[in-house]
Amino acid sequence: MNVDLSTLDLSRPGDLLIALAPELVLTTTALLVLIVVAWRHRTPQDLRLAGWVTLAGLGAAGLAAWFLWWQAAHAPGIAAMIAVDDFRFVADWLFLGTAGLTVLVSFEYLEREALLVPEYFALLLFATLGMMLMAGAQDLMVLFLGLELMSVAVYVLAGINRRSAAAAEAALKYFLLGAFASGFLLYGIALVYGATATTNLTLIGVQVATLGLQHNTMLLIGLGLLLVGFGFKVAAVPFHMWAPDVYDGSPTPVTGYMATAVKAAAFAALFRVLGEAFDAVPAWHAVVWWLAVATMVVGNLIALAQRTLKRMLAYSSIAHAGYLLVAVAVGTAVGSAAFLFYLVAYTLMTLAAFALLAAKGTDGERDVSIDDLAGLAQRRPWLAFALAVCMLSLLGIPGTAGFIGKWYILVAATATGQGLLAAVLVLASVISAGYYLPVIMAMYMQPEPSEQAHAGMRLGRLGAAVVAASVAGLLFFGVRPNRLLDIARTSGASVRAAPAVSSDAPPAPREPTGR
Amino acid sequence: MLLGPALFVSAALFTLGVFGVLLRRNAIVIFMCVELMLNAVNLTFVALAQRLGVAGQLFVFFVMAVAAAEAAVGLAIILAIYRHRGTVNLQNINLLKG
Amino acid sequence: MSWTLIIFWAFAGLALVSALCCITRRNAVASALWLVVTLFSLAALFVLLDAQFIAVLQVLVYAGAIMVLFLFVIMLLNLGRQGPTDVKGPLGLGIAALLGGVLLFQLWILRHAAPPEAIQLPPGSMARLQQEQGLVGAIARPLFDTYLIPFEITSLLLLAALVGAVVLAKRKL
Amino acid sequence: MPASALQLLWLVPALPLVGFLLNGALALWRPTAKAAVSTIGVGVLVLAFAAAAAAVAEFAGLHQAAPLVFRYWAWMPAGDLRLDFALQFDQLAAVMALVVTGVGALIHLFSVGYMHADAGYARYFAYLNLFVFFMLMLVLGASFPVMFVGWEGVGLCSYLLIGFWFNEQINADAGKKAFIVNRIGDFGFLIAMFLIFRATGSLDFGPVFGRAQAVFPPAGTTITAVTLFLFLGCTGKSAQIPLYTWLPDAMQGPTPVSALIHAATMVTAGVYLVARCNVLFALSPLGSAAVAGVGALTALFAATIALKQWDIKRVLAYSTISQLGYMFLGVGTGAYAAGIFHLVTHAFFKALLFLGSGSVIHAMHRAYHATHSHDDAQDMRNMGGLRRYLPWTATLMWIATLAIAGIPPLSGFFSKDAILGAAFALATAEPIWYVYWGMGVAAALLTAFYMTRLMLYTFHGATRTGEQERPHLHEAPWVMTGPLVVLGLLSLIGGLLDLPELMGGGAFLQHWLEPVTGLAARMRPAVELSPVVEWAVLSSAVGVAALGIVGAVRLLQPEALLPARLAPPETGLGRLLWKKWYVDELYDTIIVRPIQWLAREVLWKTIDARIVDGLIVNGSATASRALGWLGSRLQTGEVGFYVVLFVVGVLLVVGGAVR
Amino acid sequence: MYAQSVLTALIAWPAIAAVVVLAAPERWAKHIALAASLLEFAISVPLWWVFQPAGGMQLQLDVPWIPSWGIHYTVGVDGISLFMVLLTTFLVPLSILGSYNYITTRERAFYALMLVLTSGMIGVFVSLDLFLFYVMWDVMLIPMYFIIGVWGGQNRLYAALKFFVYTFFGSLLMLVAILTLVYLVAQRTGVYSFSYVHLMSNIGALGTVAFWLFGAFFLAFAIKVPMFPFHTWLPDAHVEAPTAGSVLLAAVLLKMGTYGFLRFALPFFPQVALHPAVQAAIVTLSLIGIVYGGLVAMAQPDFKKLIAYSSVAHLGFVMLGIWALTLQSVQGALMVMINHGISTGALFFLVGMLYERRHSRLIEAFGGIAKVVPLFAAVLTIVSLSSIGLPATNGFVGEFLVLLGAFRTYPIAAGVATTGVIVAAMYLLPALQRVIYNPLDKPENAQLADLSPRELAVLLPLVACIVWIGVYPTPFLRRMEPSAQRFIESVRPAAPAAAAR
């Protein structure tokens, strides 16, 4: 097909539809799933049907996003509501991919737990849609609604296991605190709107620059409250308290999804907001700096004290949010590129880890302690290997994508003179060795407690495929990250403040260029 | 001319909402406090809209939709927890901790 | 002091007092009812601020629909009867008061805050807009034009909430 | 010089090395092949002696003034350090090589008999060959590092041979002590080398000595430091104060070892070193005075201890220390030839004394062994009257005793007199040497006394050996007494080597060494004593020696002596001397134990385990865990509390954003 | 062909062989691994002749890896790394052979990890791209971590974790420093590159930030060396690791620290390295290492721990030699690096052999065994003597050159360091005595078997090297001299090295 998508005019309905193609595909799929569900919702086969439809929809949406990306779709001028740039497409892939992997893992999980709720997939689609809107939002209003769409769906997903008191509690906690945080976010939006008379991100940036609002109190309070709202979604310390409990209580595939996609979406939106709207406002740098430090340190320290794998992973995901916040704090195009790459790596390793946990925990994965993995390497070498790769990648050992991701963030940090932040990051990483390595130790270096210790471990074909794909991805991107790095770089660069206005913004450090 | 007072009242209401969330343990009441916060923000929007254009009012419109959606899901969740625990007092809802 | 201002403060005071009652009443039903009062007062303020249509929505959707849902659930869960209080003790109160106080102190600046002059519309332009396009039209036009996308998202949001509520609340799994 | 003996100089050390390798292999895989071991072990020594003798003969014909240096391969080329593996041959090296191989060969031969019954026979010869190899490296090395190879190598062999019977802890301890104490000396040697290299840019003897006068200001700090550090090395190797304590313990080794290593050769390495570095010492009067002073003091001090020792070998050990002191007095005085002369004669008579005592011990041991007695075969109180059973040994040892006492015309008389005479001569220029001379004379008196005591108690008086043992006491086989005879002969006539001009002699050795020591001699003020004074000094020494002998014969009553196990403990001064002035105990208390305590309790258990590892390393890990635990306590599960923290966060963030 | 590919082959071949080992039957694992490591050694041997001493960095291969980030796969050797590579390839076959009886469980995994470790070690030494270097540096941690943790002794988990965390800690800070450095250079030149050569030629003056960067490099390398007070992971790791692990840990892994100083820390930041306070601090730490390491070693009841602390002392000499910046001392330091690998490696083998027989590493568990196992005793004696630096053994050559050279720069410090030779005798000889000498009073020792042919095959090459290097180290010194010269000039360009004196 030979169309020129580089000059989309979003005020024309046709162009708008093209620009929103992935979202529309996904919406259609969601409705389709609802229709399917409305009439088949009793047996595992029904579940599978809904799941495959979902997967097909995700694939189609991914294809749409790919097409837009491939054609370098672009809307010149100030986009009204939705951005048409590489950052959005790449983020879309990430969400769609995560959702797809989650669906694959969920099949077996839902059947095993007898959770014959095909609406699960519809909610997953809605949540993914919300994320895509967040990442593409060019207007705070879209962003807020996308966030709420995602949140509402994920609240339900967290509590989808109605037989589980823990799941109900997780949903309640997530919901109450989430709604509370939404209040702050909304207030922040209101104040920003009050200071700039607009909710369009680019226009906010323009207003800030032209009106010299860098020190406008209303804007700053609004900015602070926005950060609170996002801080909650990304589980930044001290807004993280919900995360361990909710991750712990939710069904494991949902936890994986929350720990990756939900967090990624919030980060993507945060990036857009800070990069496009508040690029010229210096105030947030220090705040995010401290949030990053606190998140890294607290997340890693508390993770040290965990005995069960699931909670450990929950705290670990908080720690990783801290690393991502470093990329945010850096705030340059390199930062967002590093962020994108890290998200990919982080998503792969976290999803795979949760998938493996789901496989291990036939009788309640909440109770799987690290010691329960003792001797796994003897009994199930491949599973142990996969989990070990995940752990090493989370730890950031070279040869895994986790390392390249961390490296990229460090590049971004050092290139902006944030040496101290980089140092804190690596020191926090050292702490993380204290809880990732024991998993490996248990699997490889401790004897099996009994013959039957790992008998119940089941990883179905689809789950195995997910894990294998993730691990392969981790290793591949650890050795050959070139293409992904390039994509991340060009996409990251697409999140920019309107070029004309950053007159008194600090000069951006020079970008690394190849030789 | 009502902007300043409205913003102040809004801030006060918002603070009261936060105060309520801090003060109460009943999940439903806390949720109501959150609604109070949202309404406080609505007041801000409306007050600003008077000076800045209709977008503020539209925002209120959307916030109402969000509030409705949250209410539906939130109350369903509260029902679910009540079914499990027989209470909505958050002090007793701490299975997950550590 | 103009009449507008007096009315404004009257309703504002009512809103604040009822909000305070809402958060301090032990009985959840009482709280909900006080919240309804607040919402009504806010609707009145909205009118004063040239947002008549929103005020109507406030009464219909918020006070009407949403709060009824709340009351319904409270009744369903039988929380109306006198039970042990869910208000935190003195320590909790102290902490809440302290934090609330600091928050209010931080937001206190907002009483003088105003959008920069440069971007403010001339006074009365909102009223003029409503006169020109009608109360509903002033809102509906941008809603289906500029803000079409958010509006459509709202529909998805409500749909998702609906599905979610059904999934969580339906009797049979 | 095609294929001349000098060209084949490398054979001299190489032969013993081959012996070591062969015997070592035999020791590991064929320990019972004693005939082969003996043949190889003694054979290589004889060949080496022959090679050395041939080389010396050829060298003598050359009338070479400068040393001949043979470079074999570049050893440590690093930057401006051009260090070759090279041997050098000069007059001094010639003397030493002859002594080492000659006396060595005799002692090897003696060992064939002495060690015949030992299970470690092959290992013994391997070590002994190795020792000779290293000793030859020491004396033939053309640079300080090559010499140091020999220097430490002989220490190693000493260590191995002292602890030869390693299954007895006391032996192993003694070996270890020897090595460690020697290492302290080696520390000095190393520092001296560094200083020399820093100053001269070379470590080869030739360039160093050649440049010495140019780069070292006479009596300067550097040269003094160099000489003192070198001498520290000497005190270790040659058992001088303060590092002498290892030598008496070294008597735990087989007696031929004591004779070869701890009397004739290795312990004289220090003397050799000073003589070799005579240029350096001549540049530093203070260094020389220190050498002479320490030598004199050691001579006297060790002699006092020898007075009250009962172990026959210990007496000889202290005697060795004392005689080494003499040699240092000599070389420190600048009488290098005299020092070397005494070294040579001492090698003869002390080797003879040790081998003689070995013969005695051999007999005693065999006797005790035959009766399964556990009495001490080395305690003189268990001997007495042995001349009846060991006539050859008694006679030969008397020769040696008279020699060491300085009775003319035996060898010791000439060499000792040369030293004392030189010291007295120098005293006229530097009065402190009067003190040194006095100490030397006093030591001579004591030497005569304790040696006579040894002879009396061992060979004369009543036989205190048990009745049953007596029939088993008899002379050793010829393979052992043969070398004794040769050494006796040498002790008798050794003085001919360097008959002083005073007596019309040719002072052969002195002239022979002239090319080596001449430069240093010229740097010193020549002091000429009138013949009258010289005769007076000489006769006073002889008189003192005679006094010592006579005094011993008069004062001591071998008849009153009781066997060791019946003897009452010593008291008073006797006890002090018997306990060797408690120096070992002193070292133990103020050095050894504190270091061990420091290492174990302070450094290891406190600093390493508690502070560095415990507090800092594990402490930070524990602290992290504790903080984590605390953090997870905060995660109470109650939304109420989460909200509180949340709002705190809000306040902080908003506050931070607005600021 | 050989020149282009040899280093890559040395990195790649063990990794490939590791896969083969994993795929092969369990009982063949060790044989395949041995064959593979011997082939590896064979590949490396021609380096000895192919290497041109005066040729600087050579046998280079440069392949773009992540070119857009200035990351290349660049490898090459000079006179410094050459010997580290050879030492590695030399010791790995011996380690594998030495593990034949020691490792009885999960053999495939063990030998595969050994081979992977080999790849990592070679990689560290030949990397000329800082990114590649860092990757190799960390990659090599993993196999060692497993080797200690899976096949180690009682307390292996603790030791493995400590080893990992400690090293990881240092390496990550180094990563930050590398990135900062690359960025700073990129700012100046406009070329963002991790290339060592590029960085070296464009580093320029960095000002105060150099102190921070140096500090990070220092920490990473000092931990690895290990210098006091960063050494406490070493005794634990050594004691718990299986023999082969201890050998490679001591012989190769520790050298990575000193190698790092030689290759990176000093040439990059000469102005920091030559800062008087830094000099004083590092020289002091080296001295503490030498004396303190020796004294603590003296008090150890566990033979392996004793050797571990002795490593601290030996590496102190290396650090002193490097910092003295004279040709003798730097060449000496390189020699000590080699010698320590050989001697300490041999010591660990010997202790491991004792452990295989008696399942104890405590010194007091033995005594008098020279009588029972004379061959063992002979080898142990030779190796111990080499370790305490007896002349004519390899140990002397290195220490002597270090001290000789260091004495020119730091006379007092070198004097203090020289006491290390006394201390060395004070810790090793008593241990030697208590193991092979003294009464044979433990009946269980009376039946010990002497060295088997396999064990001899492990030890004899080492003994041969001990003597060879002790007597004729010239081939080594000649090959390293130009590189050492270049190193000194890169740090102290003004001073025409030591030759001027």
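Letters A, B, C, D and E name the chains as they come in the text, with residue numbers starting at 1 for each one.
One rule holds in what follows: a contact is a pair of C-beta atoms (placed from the backbone, for glycine too) under 8 Å apart; a residue touches a chain by one contact, two chains touch by 3 or more.
Please read these numbers as outputs of a predicted model, since none were measured by experiment.
If subunit C is disregarded, contact among the remaining chains keeps them all in one piece.
Any chain bridging subunit A and subunit E, meaning touching each of them, is among D; the list is complete. Two chains share more touching C-beta pairs than any other pair, namely B-C. Note: the chain lying farthest from subunit D is C, by mean C-alpha position.
Put simply, the chain farthest from subunit E by mean CA position is C.
With centres taken as mean C-alpha coordinates, the chain found closest to the middle of all protein C-alpha atoms is E.
One inter-chain figure worth recording: subunit C and subunit E are separated by 71 Å, centre to centre, where each centre is the mean of the chain's CA atoms.
If you average the CA atoms of subunit A and of subunit B, the two centres end up 26 Å from each other. Per-chain Cα centroids separate subunit C from subunit D by 102 Å.
Subunit A and subunit C have centres, each the mean of its CA atoms, that are 31 Å apart. Shown for subunit A are the residues that touch two or more other chains, namely 141, 145, 148, 152, 155-156, 159, 162, 171-173, 176, 180, 184, 191, 194, 197, 217, 221, 244-245, 305-306, 434.
Counting partner chains per residue, subunit D shows two or more touched chains at residues 621, 632, 635, 637, 639-640, 643-644, 647-648, 650, 654-655, 658.
Within subunit C, contacts with two or more other chains are made by residues 88, 92, 95-96, 99, 103, 106-107, 109-110, 113-115, 119-120, 147, 150, 154, 157, 160-161, 164-165, 168. Which chains touch which is summed up as A-B, A-C, A-D, A-E, B-C, B-D, C-D, D-E.
Looking at the complex, you find that subunit D touches subunit A at residues 621, 624-625, 627-629, 631-632, 635, 637, 639, 641-643, 645-646, 648-650, 652-659.
Residues 640, 644, 647-648, 650-651, 654-655, 658 of subunit D are the ones that touch subunit C when the two sit in their complex. Interface residues of subunit E, counted against subunit D in their complex, comprise 162, 165-166, 228-229, 231-233, 292, 295-296, 298-300, 326-328, 331-332, 368, 370-371, 374-375, 378, 385, 390-392, 396-397, 400-401, 403-405, 407-408, 411, 414-415, 418-419, 421-422, 425-426, 429-430, 433, 436-440, 471-474, 477-478, 481, 485, 497-499, 501. Put simply, subunit B touches subunit D in their complex at residues 18, 21-22, 25, 27, 30, 90-91, 93-98. Across the complex, subunit C meets subunit B through its residues 4-5, 8-9, 12, 15-16, 19-20, 22-24, 28, 31-32, 35, 38-39, 42, 45-46, 48-51, 53-54, 57-58, 61-62, 65-66, 69-70, 73-74, 76-77, 79, 84, 86-88, 92-93, 95-97, 99-100, 103-104, 107-108, 110-115, 119-121, 123, 126, 129, 138-139, 142-143, 147, 150-151, 154, 157-158, 160-162, 164-165, 168-169.
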